[in-house]
Amino acid sequence: MKPILKSKLVPLLAFGAHPDDIEFGCGGVIANETHAGRAAHFVICSRGEAGTHGTPRQRTEEAKKSAALLGATIEFIELDGDAHLEARVAHAIKLAAIIRRVRPGILLAPSLVENQHPDHAKLGRIVRDATRLARYGGLKELRKSPPQAIDQLFYYAVTTEAEPRDISPVLIDISAPEIVDVWTSAMAAHSSQVRARNYIELQLARARLNGLRAGIDHAIALFPNDPLVLESLFQTNRSTRKF
Amino acid sequence: MKPILKSKLVPLLAFGAHPDDIEFGCGGVIANETHAGRAAHFVICSRGEAGTHGTPRQRTEEAKKSAALLGATIEFIELDGDAHLEARVAHAIKLAAIIRRVRPGILLAPSLVENQHPDHAKLGRIVRDATRLARYGGLKELRKSPPQAIDQLFYYAVTTEAEPRDISPVLIDISAPEIVDVWTSAMAAHSSQVRARNYIELQLARARLNGLRAGIDHAIALFPNDPLVLESLFQTNRSTRKF
Amino acid sequence: MKPILKSKLVPLLAFGAHPDDIEFGCGGVIANETHAGRAAHFVICSRGEAGTHGTPRQRTEEAKKSAALLGATIEFIELDGDAHLEARVAHAIKLAAIIRRVRPGILLAPSLVENQHPDHAKLGRIVRDATRLARYGGLKELRKSPPQAIDQLFYYAVTTEAEPRDISPVLIDISAPEIVDVWTSAMAAHSSQVRARNYIELQLARARLNGLRAGIDHAIALFPNDPLVLESLFQTNRSTRKF
Amino acid sequence: MKPILKSKLVPLLAFGAHPDDIEFGCGGVIANETHAGRAAHFVICSRGEAGTHGTPRQRTEEAKKSAALLGATIEFIELDGDAHLEARVAHAIKLAAIIRRVRPGILLAPSLVENQHPDHAKLGRIVRDATRLARYGGLKELRKSPPQAIDQLFYYAVTTEAEPRDISPVLIDISAPEIVDVWTSAMAAHSSQVRARNYIELQLARARLNGLRAGIDHAIALFPNDPLVLESLFQTNRSTRKF
Amino acid sequence: MKPILKSKLVPLLAFGAHPDDIEFGCGGVIANETHAGRAAHFVICSRGEAGTHGTPRQRTEEAKKSAALLGATIEFIELDGDAHLEARVAHAIKLAAIIRRVRPGILLAPSLVENQHPDHAKLGRIVRDATRLARYGGLKELRKSPPQAIDQLFYYAVTTEAEPRDISPVLIDISAPEIVDVWTSAMAAHSSQVRARNYIELQLARARLNGLRAGIDHAIALFPNDPLVLESLFQTNRSTRKF
Amino acid sequence: MKPILKSKLVPLLAFGAHPDDIEFGCGGVIANETHAGRAAHFVICSRGEAGTHGTPRQRTEEAKKSAALLGATIEFIELDGDAHLEARVAHAIKLAAIIRRVRPGILLAPSLVENQHPDHAKLGRIVRDATRLARYGGLKELRKSPPQAIDQLFYYAVTTEAEPRDISPVLIDISAPEIVDVWTSAMAAHSSQVRARNYIELQLARARLNGLRAGIDHAIALFPNDPLVLESLFQTNRSTRKF
């Protein structure tokens, strides 16, 4: 774990409960950012050892290959293990330490909707709390690294069911063909998973549908934890107004 | 009604049910945009003739003076009269014709929350529908002008009660002192109104509170009708994360 | 307008604001029911004369052809005209008279979500009210026909944006290949529309995505106006639990 | 704990935090299903030892008697004890093991609404997560039994306050007099509880009110965790449309 | 229509779309207030002429008898007729004139939930807007009477379905036996209606259920249009905390 | 910790996660009640040791000084420590014991909204559950003190973000100048905190804004956990109806 930053830009930090969650939930967004020269770093919180398909070793390899395809660095951490995650403060402190080390501007985490794989919503909550703990100056476990305030936390949804109903989404345009191609390859790199179920088709159908809503080719919906602050109304001048 | 555009930028179009609604609801946002060189045009749908204070003539003059202070052009139209507005299709077609004439990128309209002055929510609905009618090619009343698709419709809230609870707000940073000054002058120009009630204090308190949420001086919350579409996560890298 | 019923089953009655709304919003559901031998009848409330593409005559022909492909009968009625619909009581009484004549068990209408083509939400509200007026015995305009209480009103959504967020959907399984084929042909029959925009792809992507949620090929989400009443928990023993 | 199944039908599995929760929350539904010949099994997660009335021994006896009246088998398990339940993953794994053993089609659990007895919402969340864990092939604690995917999870509400506001209910018709009688007897069997408070009247009033909504004698509202999937619109042709 | 006020207290003003709506929706609350010596006045906006049972003449007589039992004065006004009500501004102005004449502190109106008899939600909206128009000083139709600001507008729900889900209810304790008796008599006075359907049982079941929630005999839920303002936390020291 | 009660009135009990939460979230309400002669007692669940500013010793002193200014007694308890709080049942039992000892009528706790300092929402949930445990007669840890049922639990919000969106607020009028003065002094007593950030301005702006909504000077919004039960509609005859 040495040099994470590949550019001078403030990096993007994405958390996944399992080796493939980031790719299926928002891999196209990652590809879009790294393609534009920004650094991205993945933190994976289990080896997927409770899943029906793939061994921990296979899944680790798949995740590394996939992150490389997306141009992201990757690390694995131990919390409670796959399907055993609890929303403990100790975990939030651990993630806060990573935030202080990586010093990202933007974070990505699984959504808080509870009706999905239990680890997803719990990790989302742990990350949300970690972004606050990373800011508090008196936390003795984190004394060695200076506090870090991030700019924004976005949630991704691995399935339609996991999309929050109480936050207005923002859609990220990932229409450039090379982005969709890289994303598809990154998903396909999780071969133990995609062999068994049609995850790739699910995600591309979701992205295509979001693209049709916006009159573009493909888009991924993300859900900001806090209201966006804009310099001007003209800072974002596109919306979903096609049908 | 000749030259509306003061610059080559796609103009901003704001609708108000009464002569002072735009100023009280989002005048700081207008000042912020015209200060940056963008054109803004106001369409006022009554002379405030049912209000407790001020004559129609006074209120028209106040609105003109206020628009000039904000750097906006202004026109008055007749719908059903103050406190008499109905959400008729004929009105939406009338506003759609204005949209086709002005050809704005961004629209501002009062929010759809019904628990406020009845004209506000109705005008919001008329504007929302007008943005669609402006796009439909076969509408015979609008045959003379080519269809126009806007980029985004934002709602403003004249009071706290009028803030929608089902749309995540975006906050527009209006912290530059000259912006707040111009906005305050524009509100004060409605002297028949501000003499009777503490509207200016209300709006500045709201803007200060939004500013405190975002760690800046002042901000105004707007509510996008449709999800924003971004090129990149880094297109908007600020959020309300201060407390 | 003679014999509507093709079988002894209580018929299905579907309302559309424009000649293609039923097909795009829930055509697969119609095909599924007529394929099972149930009668379906369409009531179309405009000729699409305000749309960008197609003449009223063309669109009428397209709708007739499409209804025939789906095995449904069809009639056109005049309300206020395309893009001019108002939610008048007189219209609800007119539709209530149709309900009393057709005597359906189940109704389909566009959803009440207002952020879509203005005619859609208004027609949905008119139909909802009409189902009540059809039941009231003292309505003098309807004196000639006996009151009729329907069993259920389902809303369909022509776009993702039009899906209600405050009603839990039910998914109708339309996975049989012949159903999807017939539905696709029926949408394609609206050739003036599908030439200009990728409506068919939009609807098939939505249906495929719903199918993936449920572990089946294709499904269409409908939104019941009133809680379902079941004889037993085992009456419906399938749900979306695949991802 | 030997032969649970009394018929060839896929059994119904109901979880209760306390000895009387299933009966008060949805006993009429149980009676309705067992009366139709389906097997039902209860899992009770405490002896009610923190309650104001009744000893653990009494309450165990009451629950056994009540289950017998309803035609259900019953077992007691130890989690954290009455009023001490925590939503631990270890508990979800324990319940997942029961799901794999009983292999039910339909599950009943207390609702997730937090403003009720704390054990209820926590048990609801544990059961919801357990239904997912029961499906995951790699969970080493459950290695001995094959994965099991259920058809549907319904929540019951022990009080009006516990009814979810974000899920559309389905109403189960329990109007047959023998069903209401059996249910009433089953509630009365919890004599230590009903002596102190008017629980029976509360539940019958709720069921009668739901019946009146649907134009029938009595009904119980349940809340599906996931959207229902139907073969046809005509699969459920009744709704609450009486007033 | 001469002396409405029977006491020096600021009167209560209740609006009903049909001759029996106030009684079924909140008659117990009326009885509770008049019993305490407060004046109540009813404004009925149709003769129920579209209903299945009862002639306009019968229903007028029933309403008069029922109001007398409740200790309220009553007047009938003409809007659009039963089942024909539209939410017109002209109606709101008409009701605002009544508000200025009666000068009430508290208003009661049917809830805004649209999935009920169409006249109910429309009347609720008309009343809500009328309370604002009654305050505006420049409205020329109302020039003769001085503006009147009410203290609070409460909505009542004629059925369970009509209870708003986005407003927290307040429960009014109507447990005194004489109150329930008077209320029951007032409902029974609508003999043309109660002969045909079990309305009285419906309302008493709802009130009993609300009473059980609060640990009292009977209560009626009302829904305040605007947040309550209290002098002290101890001004209302009871809540629903019994189960 | 001897004589808590200063009057014969049932006391008010307020819980804070950190030494300054009660003051910033609802200090004006406390001042308002003690000014009227009611007893108030604070329970503080950490020494703020994870905060950026102030030592635990300083913060303890500040809290004591502030409570004294507000006329409240204060005690500190140990749960998991600042920024380490978990929503454990053991904590709820500990707080239930305090409730049984203090025997309050009204409780104040931080809101349940999760997007704030993690300790706040967790403490809110612990208090909510504690109010139920305090009532259960069989809880062996609490055997020594008789059960206690409170009248109402109100939530306070330390920031705008922490205001619940699913509960209608009640506004407490704190307009008397001496109340605002005392409150301001009590906030200022937390000098380690207010030196670093503009908390006092934030809270006064919020209270002023709520005051403007209600046409009074200052008000604080609280959120009742359970519906209020009123003797009469006239028990609370004020609402926010000024703009």
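In this document, chain identifiers A, B, C, D, E and F correspond to the written order of the chains, with residue numbering beginning at 1 in each.
In this section, a residue touches a chain if its C-beta (ideal position, glycine included) is under 8 Å from a C-beta of that chain, and two chains touch if they have at least 3 such contacts.
The structure displayed is predicted, hence computed values, not measured ones.
Starting at chain A, find the fewest moves between touching chains needed to arrive at chain D.
Contact-graph shortest path, chain A to chain D, evaluates to 1.
If we look at chain A and chain E, which chains touch each of them?
B, C, D, F
Using only the C-alpha atoms, find the rotation that maps chain B onto chain C and quote its angle between 0 and 180 degrees, to the nearest 5.
The best-fit rotation has an angle of 120 degrees.
Over half shared numbers or under half: where do the identical copies chain A and chain C land at their interface, same or different?
Copies use mostly the same positions to touch.
Comparing the two chain pairs, does D-E have more C-beta contacts than E-F, or is it the other way round?
Higher C-beta contact count between the two pairs: E-F.
Using mean CA coordinates as chain centres, what's the gap between chain C and chain E in Å?
37
Counting only Cα atoms for the centres, state how far chain B is from chain F in Å.
So the centroids are 39 Å from each other.
Averaging only over C-alpha atoms, locate the centres of chain C and chain F and give their separation in whole Å.
Chain centres of chain C and chain F, defined by C-alpha means, are spaced 52 Å apart.
Specify, in ascending order, the residues of chain B that touch 2 or more different other chains.
Expected reply: 161, 165, 213, 225-226, 240.
Could you list each pair of chains that touch one another?
Touch list across chains, by label: A-B, A-C, A-D, A-F, B-C, B-E, B-F, C-D, C-E, D-E, D-F, E-F.
Using the touch definition from the top, list the residues of chain F that touch chain D in their complex.
88-89, 92, 112, 125, 128-129, 132-133, 135-140, 147, 166, 225-226
Under the definition above, what is the set of chain F residues touching chain E in their complex?
My answer: residues 9, 12, 29, 32-33, 36, 38, 105-106, 131, 149-154, 167-173, 213-214, 216, 219, 221-222, 224-241.
Given the complex with chain D, which residues does chain E contribute to the contact?
116, 158-161, 165, 198, 201-202, 205-206, 208-209, 212-213, 240, 243
Applying the document's contact rule, which stretches of chain F touch chain A when the two form their complex?
Result: residues 48-53, 80, 82-86, 114-115, 117-118, 161, 165 of chain F touch chain A.
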